[in-house]
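You will see two complexes here that share subunit A, one where it goes with subunit B and one where it goes with subunit C.
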Partner chain A sequence: MNDFRKITPGGRPFTRIYLNVMLWFVGRAIQAAARQDPAVKREFAQLPEGFTFTLTAAPDGPSMVVSKDETGRVTYLGRRPANHPLNVKLTLKHMEGLFLLFTFRESTATATARDRLYVEGSLAEACAVVRILDIVQVYLLPKPVARLAVKRYPRWSFKRHAWDRTLVLLRTVLGV
Partner chain B sequence: MTLPDRFEFFCPAKTASGFKALEHLPGDLEALNARRPLIITDPSSTREGRVQQIAKAFRTSGLTLGVYDGIGPDAGMDTVKDLFDLYLDRGFDAILALGSGPTVDLAKVVNIAVSGQPEDLNRCQGVDRIDHPLNPLVFIPAGSGTGTECAGEASLGDRTYCSAHLIPDLVTIDPRMIGDPAPMRIVSGAMAALTHAAEAYVCPRPHPFAESYAQLAIGFVMAHLLDVVRAVMAPKGKMARLADGFSLKKDRLALVNAACMAGYVYANTPRGLAARLGQAAGRGGEVDPALAMGILLPCALEYHAHRQGRDLSRILRPMVGLERYCATPAGQRFAAAMGSLRHLGNELFVLTETAVPRTLEDAGLTRNALEAVAQSVAAQDPDEDLARACRTILEHAFDGRPLTA
Partner chain C sequence: MRLPDYYEYCCRVKIVAGHEVLEEIPALLARLHAGRPMIITDPGVAAAGLLDVVTGALKDRIAIGAVADAVPPDSDLQAVSRLARVYGEKGCDAIIAVGGGSVMDTAKGVNVLVSEGGEDLLAFTGAGALKKRLKPLVAVPTTAGTGSEVTLVAVIADHENNRKIPFTSYFLLPDVAVVDSRMTLTLPDSITAQTAMDALCHAVEAYTCLAKNPVSDACALEAISLIAGNLLQVVENPGHRDGRLALATAATLAGMAFSNAMVGMVHTLGHSVGAVCRVPHGTCMAILLPYGLEYNMHKNGDEAGELLYALAGEAEFIRTPRDQRAQQTVARIRALNQALHEATGARHPRTLGEVRDRDGKALVPRGKLADIARVAQGDASIFYNPEELDVDDLLMVLEAAWAGLPLDPQRIKRG
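Right after this comes the complex of A and B.
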């Protein structure tokens, strides 16, 4: 049996660190956008009180958890979905899928079309989450990169592009 | 087409194809309740980095892989026995067959043994003798196979197994797995796929599901084969090859998909005359059976159309697309389809510098051998006219003469 060998594939520590940072940043940006952006406010307003969702990768990839409390306030709850009752769970089938998403080589829509993303929970609520993620990515990324990350780059007013973006970025960094 | 009164189509394989398809494999294996896969492949897969790519795709999955890359051209029952012991001793629960043709056949035979008793290898020979589901089997194409890898067939030496249980559970087609193209292997695989698909498409017993798969397989081969061979054969510098690399990968991916679809069709429809004659012609070993099928295909179709009076004009549609099909008058469609097939054969002959034969004579068959080939096919069928049909088709394919009314 000279031709036999066993392979224990290693992890991807640097990818994991990168994704953890990105998810932390995006989670806080959702929190910030929910306070600043009218479209994100509207999307969250239609979601039930106590609504909690997570974006993660199977089997134990990096995660982010975001929740809307009884007062309508949206909060980034960290990266441990197991600690929270979830309404919607968006799971990429593998960490590479999440990496493609957060290196902006695939949009959420493309990931879904390529069968990389599955949803546990209400589909209508999951679609609202995807729309929120798209808006947040437009806030966070420069136009050429954001065009790769979202299905359709939106036509926004100058005020929304400049002023709101500045505030969202500021709120994201400060966590307020 | 009209809906037939009754038909069956059995295709238990899930096909995952395209960009990063390999990364889905751990999740798909889990769905098959498999946690310890064994990769069975040939040494070239390790040499060319394919095994390493699979290992990369399994990072973060938490699974451990076994790799056996010693499948050589002379692998037989001794190798099956070694792999049987290895599989059971190390507690594997699934096989990933990486490669094409003989490697996949051997993996299927190992799967028969490990899913039951070693005695099953004798008991299950023949048609439909496997009476229980087998352990999960994943097929990862590494080049242009003939498509029969996706069908419920396996042969090893003089043993042949035929059962729906042999169809792989999962077929993962990833561009990273498709190795350096050897033109003759590409053409050979594509010709076998084209023959199986075309003969299923015009099968006398209409089969809507098989026809849909066959239509796509024919379209992919006709649209991409010449581009692949042209890109592979053209003398180019490193930079030009690099620039061509992306489109070449896409074209090759289309051919591998076509082969898999032809395999699903092959598993669900009776063999056509060109496929049976091609296999019989290749039995001696002097002629590549797949290339012989490609040569025989237009003659077999012409026989059905002109001598049996069947209307096969619709075969033009998958070959040239709907627009050109509609632009061709009904009376010219069959001739145009045969023209396309012969053009493909002749172009391949030129592009490969005569390596791909246009006629059975080019392929190295002698005229005296034709009768034996015809007899070997006719002997398997009670139809009295079959021997005459085989002889006519073989003679026309030998000379490269179109068969007219």
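Right after this comes the complex of A and C.
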């Protein structure tokens, strides 16, 4: 029987750890940008009260959940809060797809074009979530890297590039 | 040709096309182990006599379990449930959909319920909700435009909640597309022009947007070539059977292309103009197509330039310097719109400002453009567009398309 070896999937623990850290950071950055950036505030203002979305990888990959409560406050809820209904679910077909996204080798648009990302829920709301993710990536990443992650690097004011970015990063780290 | 690092393509639909192919349907159904189909169509198709053509081709060879000829233009969940009940009561074992996009979508929805059971179509939304092969579905398109006979999507209205629900699954693909030239012979000239421009738009966007791939590209190029070579001839001579078949084939090829490579900002804006102002989809596509190419030209000018060969032929392609081919592609499409405007007695509008209803009232008031731009931000096709589009960009394009002016390249933002 030794001629027929068995291959057990390894689960890619280091990829999983990296993605969990990235999603934790991006989730908190979305929460921070929703309190600091006017464009992100506008996007969330147009989403319904109690709106909750997740970004995850199938079948059981790392994930993050962000929600807007009845008062309009946006909060990163962690990896997978129990019993929290989702309005929009953005799912990468597999963890490798999420890894490509968060190593900035593929933009959200490219992941969609390559059939790696699928959406459950309202497409209009999913479009708003992707715009928010794009803005947050511009805040978090240096320009040469951010240009790989978004279709068009935005022309922001110096204040937004410098001051708002500093505050978003501070808020992200402190979780406020 | 630029090869993507990764692509997916799937089209499992058998295509049977020709001048008299409806007669093949009984044999095609027999191979799918079905012999008592339900025909689903709409009142327009029935009034045009096309339902009679279909039943005439079938009735001596197969029992037709039920004929449902009242599908509304904006079919909803209730209509789908009602038809599914009829299917069961009449003991049908297959569906023949005869019509345009709405009929095809309705038939796909009915097929979900009769195959999976239950009365609630909403239970089958979301990725992976359909897990098994559905009942045999034969699609007979009556317009040469939507390509629904080869697409895996069905959009069903939920009028109670004022929304449209997209269903996407490979199991929604029809088993057979029967493309018969008799089905489009009686289309009026302006509808022929609109629907063919819709197909042209599917092919052009499939070739120039982010999900392009070599298999879709091949379908798209052939579709463009067939439309460019036949559309004006058919508009001027509606009884031109070979031309009709060429346009119907082009629409199917364009459907095969865009259902895999998807579409971009022309559809983003077109869907929104249709939703806000009730403008026919093909009209929006014809008007907006040159603007989509102009807006993205700094990103996909090479691809747009390659289309000139299919649009204008070898001589013009060679004659045009490489760096001017993309602009010439746009000029060719504008010239086609102008020729269709003249050939249809001005029933083919060239600008959004020219679009009128039957009473001559403007359908797209300039004041609505900002609303259209806002709605467009929520259309999923925006993902596949090569360049980013914010509300200001969308409004700039709409203003130009309303007035019929080319885009000012200086106003197109680049990252």
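Everything below uses one rule, namely that the second predicted complex is superposed on the first by the 169 of 176 C-alpha atoms of A that agree within 3 Å, B and C clash if a C-alpha of one lies under 4 Å from a C-alpha of the other, contacts with A are read in each partner's own complex, and residues count from 1 in each chain.
Everything that follows uses one rule, which is that contacts are C-beta pairs under 8 Å (C-beta built on N, C-alpha and C of every residue); 3 or more make two chains touch, one makes a residue touch a chain.
Because the structure is a prediction, the values reported are computed rather than measured.
J.: Sharing subunit A, do subunit B and subunit C clash or fit in the superposition?
T.: On the superposed model, which is not a single observed complex, subunit B and subunit C clash.
J.: First (subunit B), second (subunit C), both or neither: which does A:159 touch?
T.: A:159 sits against neither subunit B nor subunit C.
J.: A:115 in the overlay: touching subunit B, subunit C, both, or neither? Say first, second, both or neither.
T.: both
J.: Is A:8 in contact with subunit B, with subunit C, with both, or with neither (first, second, both, neither)?
T.: In the superposition, A:8 touches subunit B alone.
J.: If you stack the two complexes on chain A, which partner ends up touching A:147: first (subunit B), second (subunit C), both, or neither?
T.: second
J.: Quick check on the superposed pair: does A:126 touch subunit B, subunit C, both, or neither? Answer first, second, both or neither.
T.: second
J.: Could you list which residues of subunit A make contact with subunit B in one structure and with subunit C in the other?
T.: Comparing the two interfaces on subunit A, one with subunit B and one with subunit C, the shared residues are 114-115.
J.: Which residues of subunit A touch subunit C in the complex?
T.: Spelled out, the residues of subunit A in touch with subunit C are 91, 108-110, 112-115, 118-120, 123-128, 130-131, 147, 150-155.
J.: In their complex, what parts of subunit B are in touch with subunit A?
T.: Going by the criterion above, the answer is residues 16, 18-20, 23-24, 26-27, 43, 51, 55-70, 82, 86, 90.
J.: Provide the residue numbers of subunit A that touch subunit B in the complex, in ascending order.
T.: 1-12, 16, 58-61, 93-97, 100, 114-116
J.: Applying the document's contact rule, which stretches of subunit C touch subunit A when the two form their complex?
T.: Subunit C residues touching subunit A: 4, 6-8, 125-127, 166, 209-211, 262, 377-380, 382-384, 386-388, 413-415.
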